[in-house]
Amino acid sequence: MYVYLCGMICDMKGEYSVFFESKTYNTKYRTQFITITPDVEKYVADSGILEGTIVIQTLHTTAGIWVNENEKNLIGPTEEIGYASDLRRVLDRFADPMHDYGHNDIADSNNIGGKRNTHLCEPDENGVIQECVNGHAHAQGMILQSSISLIVHGGKLLRGGWQQIMLVELDHDRPRTVSFLIQGIQQ
Amino acid sequence: MYVYLCGMICDMKGEYSVFFESKTYNTKYRTQFITITPDVEKYVADSGILEGTIVIQTLHTTAGIWVNENEKNLIGPTEEIGYASDLRRVLDRFADPMHDYGHNDIADSNNIGGKRNTHLCEPDENGVIQECVNGHAHAQGMILQSSISLIVHGGKLLRGGWQQIMLVELDHDRPRTVSFLIQGIQQ
Amino acid sequence: MYVYLCGMICDMKGEYSVFFESKTYNTKYRTQFITITPDVEKYVADSGILEGTIVIQTLHTTAGIWVNENEKNLIGPTEEIGYASDLRRVLDRFADPMHDYGHNDIADSNNIGGKRNTHLCEPDENGVIQECVNGHAHAQGMILQSSISLIVHGGKLLRGGWQQIMLVELDHDRPRTVSFLIQGIQQ
């Protein structure tokens, strides 16, 4: 199925070049999988890199990058399809949002003896700290990586027919920034 | 145990070069771990890259790349050792092939109201679609990555004594293509 | 929150350079998360690379690299906080150290019919092999990667405010080597 003619471009010398870009996506719900393949392919085309690599990196601790099939029964949205998506179920069985996490026991004026007394935002005028209760999302972040490297070949992102690049929201709706660095030989 | 002399090659300038190769492996069974280290090391040697990196990428959504120990009790084959390999048990507890997945409920002439009505192959003359029942394999694909980056140092793949590069089949027997891009300073 | 001015450095040509370094960390207990961000940032600064990437790679099969928040309730140490850290609980539910693993059934003079008769250290004078009972740690090593790639941008490691680079010990206390390769355009 996948045939590559390996000739003059298999071992290529030339001018090294780097291209950098960032984009912010507004996520809408927990375990949203946003397909970002068109952006990735546009940046690869814009870069003019012929042979090289792209690193795709989130700047967040409760979001990840995943390369797989974006079929709706796998990825949801759960609310739209009317039943839990396959991957939400699997991720939640790995690290259940309803379990207790020490990370969620936030020390503030409402909870003086809370276990988590560092890595906190500033309290409001009532001494209450607005933090996400997201221990499960950090744990799920062990599975879905902060960054991936993919190959750029023949001036294009190398990917199989079913491979899509997805940004995965493990926490709640918010802006999420993804950065892209493409390096290689420029045409 | 691991000692590196860090001298003139620690900060190296020179001609940037890229080497690309692909190879297809015929997998034989579910959760097969195929050691591809000899191929990786051959490509690194062929490339002549002295200092740089290699990206190893599958072009599939139900296969992954893993760097670890290829001991038979860990990786199997289950049928050969006569008991379930450790990692098949762990992967299947994470995403059980016997569970129900919406992804497996394929809409065709045998199953008119099936949930999965996109991302399908063409039906045959009887309206039946030959698709793998592989929701579990996509879920296990969250754990085993589509691509990895490793270091090339001193003209060789950098790896610890027990580290082997493995292609992991999460679905059934089939051809699987892996691509390799090596970039860096050529000797 | 994250704003990047994308001007002259977005598409940059220049002299390609590679920087390599290794460091050994002495881990102290199972599921220790050691923050190595200061070392990573020092090596990026030392390299003088302005735009490029860094690959961070362990040379071990029961240790991993993770990018996330180093909050003590998440990562422990369990003994210090007085309760199991969130991530130790999640990792151990994924692959329980108390379960049976074929990998742990070591064939030596104490256990003649042991399943694991390859990938072993030399026996001592009594025919006893000193091997870690660490099947769970290899399995957990499917989750925590051997290597990661991150972006170097504007002469600095690109990371979000909560992102820390951590070496994760999945087995027992021992020396662990991490290697760093930075490549890109040097200033």
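A, B and C are the chain letters, set down in written order, and residue numbers restart from 1 in every chain.
The working rule: a contact is a pair of C-beta atoms (placed from the backbone, for glycine too) under 8 Å apart; a residue touches a chain by one contact, two chains touch by 3 or more.
Because the structure is predicted, anything quoted here is derived from the model rather than measured.
The two copies, chain A and chain C, are related by a rotation of 120°, based on C-alpha atoms and rounded to the nearest 5. Shared residue numbers account for under half of those found at the interface formed by chain A and chain B, and the copies are therefore classed as meeting with different residues. Chain geometry summary: the mean Cα position of chain A and that of chain B are 20 Å apart. The residues of chain B that reach two or more other chains are 16, 53, 94, 143, 145, 148-149, 183, listed in rising order. Only residues 1-2, 4, 6, 9-14, 16, 51-53, 66-74, 81, 83, 85-87, 90-91, 93-94, 143-145, 148-153, 158-160, 162-163, 183-185 of chain A touch chain B when the two sit together in their complex.
On the side of chain A, the complex with chain C involves touching residues 15-22, 24, 47, 53, 55, 57-61, 94-95, 101-103, 105, 115-116, 118-119, 135, 138-139, 141-143, 145-149, 175, 177, 179, 181, 183, 186.
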